[in-house]
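Handing you this structure, nothing more for now.
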Amino acid sequence: MLEALLELRGLRKRFGGLTVTDDVSLTVLPGEIHAVIGPNGAGKTTLIHQISGTLQPDKGAVIFAGQDVTGWSFPRRAKAGLARSFQITCIVPGFTALENVALAVQARSGSSFRFLRPARSEAALNAAAHAALDSVGLGQRAGVMAGSMSHGEKRQLELAVALATEPRLMLLDEPLAGAGPEETERLIALLRSLRQRYGILLVEHDMQAVFALADRISVLVYGRVVVTGTVEEIRAHPEVRSAYLGEDEMA
Amino acid sequence: MNRRALLGTAAAAGFSGAMPSLVRAQAPGIKVGFLATLSGPAATLGNQLRDGWLLSVKHLDGKLGGVPVETLVIDDELKPDVALTKVRAALERDKVDAVVGVVFSNILQAVFRPVTESQTFLITANAGPSTYAGRGCNPYFFTTAYQNDQPHATMGQVAQDEGYKRIFILVPNYQAGKDAVAGFKSRFKGEVVDEIYVPLNQLDFSTEVAKIAAAKPDAIFTFMPGGLGVNLVRAYRQAGLASIPFLSTFTVDEATLPAQQDAALGFYTAATWAPDFANDQSKRFVKDFEAAYGYVPGNYAAQAYDAALLVDSAVKKTGGRMSDKAAVRAALEKADFTSLRGNFRLGVNHYPVQDFYLCKVVKRPDGKYATETVRKVLTNDTDPHAAECRMR
Amino acid sequence: MSVNLLLVQLLNGAQLGILLFLVAAGLTLVFGVMDFINLAHGVQYMLGAYVAASLGVWANSFWLGLLLALPVSLLIGLVLEWLVFRHLYGRDHLSQVLATFGVILTVDDAVRAIWGSAPLPVPQPEGFTGGVEIMPGLTYPTFRLAIIVVGLLVALLLWLLVDRTKAGMLVRAGASNAPMVSALGVDIGKLFTLVFGFGAMLAGFAGALAGPVFAVTPGMGDAVLILAFVVIVIGGIGSIRGAFIAAVLVGLIDTLGRAMLPDLLRLVMDASSARQTGAALASMLVYIVMAAILFFSPAGLFPVRRG
Amino acid sequence: MRARLRLILPLVVLAALAAAPFLGFDSSFAYTVLSRAMILGMGAVSLSLLVGGAGLVSMGHAAMLGVGAYAVASLDAAGVTDALIVFPVAALAAGLFALLTGAVSLRTSGVHFIMITLAFGQMAFFTASSLSALGGDDGYTLYGRTEWLGTRLLENRLAFHFICLALLAGTWLLCSALLDSRFGRVLRASKENALRAQAVGFPPYPYRLVAYTLAGAICGVAGALLANATEFVSPATLAWGRSGELLFMVILGGAGQLYGAILGALAIVLLEEWLSHLLEYWRLAFGPLLILSVLFLRNGLAGITAMPKRRRPSGKPAALGQEADA
């Protein structure tokens, strides 16, 4: 059996009286896309927060690449190869697309406590950043101010930034949210091309995309994992059909 | 001006509106830079100083030693670096013949070197730190005020004379406050029950007043200039401590009395002059001052008035030749004028040798508050540092 | 230190705290509801003192002066809001700091030009000129006791206003989430003006009350302003309850620190250095406490806004 | 185009400062005012590095100025006056002070950061006031200016003018380089979007702390110069009003551009000088000018010269436009 890249062991998180994450355990294998679906308020984003380190679980552990990272900060996990995209677009608006990506490249190539040499003229940084932009199809837009890009472009840029950190695992929080049909097509193709190279934990509402991309799916309801299985297993699961997917969508 | 009269505040200071800081006489002959603190809570002292000087010049028909004088009023804002910049401007740009005034010692220390090194006469009408009285005495530096230790020492002598055994001391926590304690202790030999140092920005004295009440001293000695003194005096009176004699320096005087009023009645201060001095010149000064500026002149104003008389006497002696520094200095050292204080001469260190008085706050028949002499405490007092001065 | 003396010092601390609260209450509301840093709040305090003192002398009655100072303070507050502050609501904190500092400079100098630099005489409050002998030899002025009582009443009134009325509910909601309130269809501009005027009046009231106790001088608002900021930061910005507790805390710390630190230090060092170190340390104590509180609880003791 | 203006304007200003002594501004007074403006300009540029570069609004920056100045005073009292010792010590002392206070202050953000830096500034102020060995509240007069390899170079007005100018230019270049470097990129990214910087592995804290320390050290050098210019040190150097003044120089000049701080410092020092010479209640004119400048000069003085066609995100760091224009 392949060793899991990410393993969640009994994560639990409460806000006041509300249990938002209730004993969640799941794994992401190397090269696998593991999708987490569930109705609104199921606790998907809270789960992502706990994996990326922006929230601390009350109980349970996050094991990443064999290491217990539960006590690690968000930046430290990022540095270890746990990249994360955000549900709401998160870029540096006053930077160009290139500089947004170059910032990420900088994180994994040497110290950033370098004070005098202009970062703009570091060829190695720029080359890697250009490559990442090319891979998401933004190669022509490198010099554009990120704040003035279209919504779809910003989502692509976020992916490029995540790629540029050379992660081992990507946590993608609704990467397709707000994208038009054409952009969605392009992003799905892009995500598909990333499979094998990275482990991906995907949170997404677009079922078409999830079924097209995922290797395994976990269904989250009221903070609990109801079931985990392959696309077929999930499609066939009666509880999922009734509780979440609805009959008509299966027809 | 009307508005102020309407509001009935006796503490008229400065002029309403934007007054040009250049007060011109007819034709420029002698130029004097008059440096004083004219903004912030301490501005009352600066106003006293400035108005005293201006009145003196007016009495001399706008002339010093017969030469028309131009006074350049400079506000130091009680910031040493600001004072320095402005004084340099006065020296270089306006080419003043003398710098006069100076309320606070720290301002004096900031401007001392540039003024004296440019061989310009520096005559203070209030600040008199020990720094320039002893080994640091300077041929270009004069003061018509006193050496800072002397008023405090006067109060120490008063406490000693009255036979007080236990004294409570309260001063601000800065150098002048510490000097005040040292000055007082130089002549008081009894027990000091407690010394309290309060921050300069102290808002309220209720804490200290409670401590004084608990300590039950024979008398207190305090040095609380400006707004501090107003707060202290009020809190002291309100706490019913007025039966404990209130010995002070620069705490109850004509600069603060308009705000303290009844609360300060009967409190003591040490001074070189008080508005009730009997000599004719002093009487004329007080009368004209109150007519011109609407408030009672204090020590500060009198010392500044004398400063103008001092310069006047020197210019007269040298026939208006301010460029002959040695002659001007010699003339200044003579101090050949009649001081408002009567008994007055300059010592070897250019600090006055004079009498010191115990004064008390009274309400005059006209309803205004002033200090009144009680008795002479020290006669012909020379400051303790003068012996160290080797004037070059 | 005797129990009596300690009691007196506690009263002193409470009285300082109450005055600070009156200034801080308006500041924290303005800050909390409008996200507006108003350095010029201290100016309101100063103007309150000046107006009350002048009108009190004119009417020959402290209380009449105090009463008249309220509408005048309100008016001044509204005029300043209309002239300057309302143009700054949408701006960043930096611009607000700069512009309101400009207001301080202007008004301080205007006060000097109108009233002069000397401390102003203040009529004694009729009926409260006496005192209570709390400790042998020490009379505690009834007026200071009155300040404590009046301050507590105002605090109670404020609490009722903010906690029990519709306007108060909007203010509280505005403090925690301003966009939501405007989404509810409330005229946020009107609410702002209301809160601002009210805050200005409270500060003016505090200044008028402080007149007979402290010196009425130009710039008297600056020292109070900084302490008031310390209070609202310790208390948690936007929280009236926090402002009250923090104000009393600051009042007590400042008073007791000054009263006791030099004596405490005498246990570990010689008398003269203990006095001076104690005095220096006592001035810093409030700031040290603030830094420590922010270190452990970066949003103050009673944070209103989440995150 | 704007990129070029951004470079040209500060150079013009620096050149004007260099030419001033030869254009008749060579009285002691002119030297005093100009050196004061240049020194405070240095302090303001270092503060601008924090405000514009890192989004850290410090209300206690005068403390750094003060630590530098008091370093000079205490060395002077100990008889040490060599520039090669004095200036590094001033920088180190101020840097150390910034490191210690920054380590605590940077736990907070926004308004709380303003207040906690103010608190440390006040502590420094009261400490300086109680230093009786250095005159306490009255301040301390230096025996003389700092010496350069045994010569009294700093006593020469022209030399001192150019030393100030060189250090000002150096500060500006250094801070610009800092903002353009890898370090500066992380700093700027953390300012605009801290979450983004964290997501790629940069915790803001250490970068901000280093920036705070560096700015403190630079301001310490300015403080040492200030002590030399006035030959006098007093707690007034550390007063919170002075911190405010530095902040106003930054904002008036335009926080988005480092050289804005230089413009702001020149404007404020010269304006103060001119108005206070003209009027007794000069703040009655100065205050409204400040208010009007905030209301109508949104991007500060630097904003007039680089008038943008459309509104840009506020606080845009200096180095960015160049890529956009390329």
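Every chain is named by a letter (A, B, C and D) in the order it is written, and numbering of its residues begins at 1.
Heads up, the rule we're going with is that a contact is a pair of C-beta atoms (placed from the backbone, for glycine too) under 8 Å apart; a residue touches a chain by one contact, two chains touch by 3 or more.
Since we're looking at a predicted model, the values are computed, not measured.
Undergrad: Using mean Cα positions as chain centres, tell me which chain lies farthest from chain D.
TA: So the farthest one, by centre of C-alpha atoms, is A.
Undergrad: How many angstrom lie between the centres of chain B and chain C, each centre taken as the mean Cα position?
TA: For chain B versus chain C, the centre distance works out to 35 Å.
Undergrad: Can you give the whole-Å distance between the Cα centres of chain A and chain C?
TA: Going by mean C-alpha positions, chain A sits 50 Å from chain C.
Undergrad: Between chain A and chain D, what's the gap in Å when you average each chain's C-alpha atoms?
TA: 43
Undergrad: Considering chain C alone, which of its residues make contact with at least two other chains?
TA: Within chain C, the residues that touch at least two other chains are 109, 112-113, 276, 279-280, 283.
Undergrad: Scan chain B for residues touching two or more other chains and write them down.
TA: 14, 17-18, 38, 173, 178, 199
Undergrad: Going by the touch rule set out above, which residues of chain A reach two or more other chains?
TA: Counting only residues that touch two or more other chains, chain A contributes none.
Undergrad: Pairwise, which chains touch?
TA: According to the stated criterion, the contacting chain pairs are A-D, B-C, B-D, C-D.
Undergrad: Report the residues of chain A in contact with chain D in the complex, numbered from low to high.
TA: Answer in residue numbers: 52, 73-76, 78-79, 83-84, 86, 90-96, 98-100, 102-104, 106-108, 111-120, 122, 143-145, 147, 161, 164-165.
Undergrad: Which residues, counting only chain B, touch chain C once they are in their complex?
TA: Within the complex, chain B touches chain C at residues 3-4, 6-14, 16-18, 38-44, 46-47, 173, 178, 195-199, 201, 203-204, 206-211, 213-214, 216, 226-227, 230-231, 234-235, 238-241, 255-256, 258-259, 261.
Undergrad: For the complex, give me every residue of chain C touching chain D.
TA: 31, 37, 84, 87-88, 91-95, 97-99, 101-110, 112-113, 226, 229-230, 233, 237, 276-277, 279-280, 283-284, 287-288, 290-291, 294-295, 298-300
Undergrad: Considering the complex alone, what residue numbers of chain B touch chain D?
TA: 14-15, 17-21, 38, 73, 75, 79-81, 84-86, 88-89, 91-93, 105-106, 109-110, 112-114, 173-176, 178, 199-200
Undergrad: Once bound in the complex, which stretches of chain D touch chain C?
TA: 51, 57, 104, 107-112, 114-116, 118-120, 122-123, 126-127, 129-130, 132, 240, 244, 247-248, 251-252, 255, 281-284, 286-291, 293-295, 314-315
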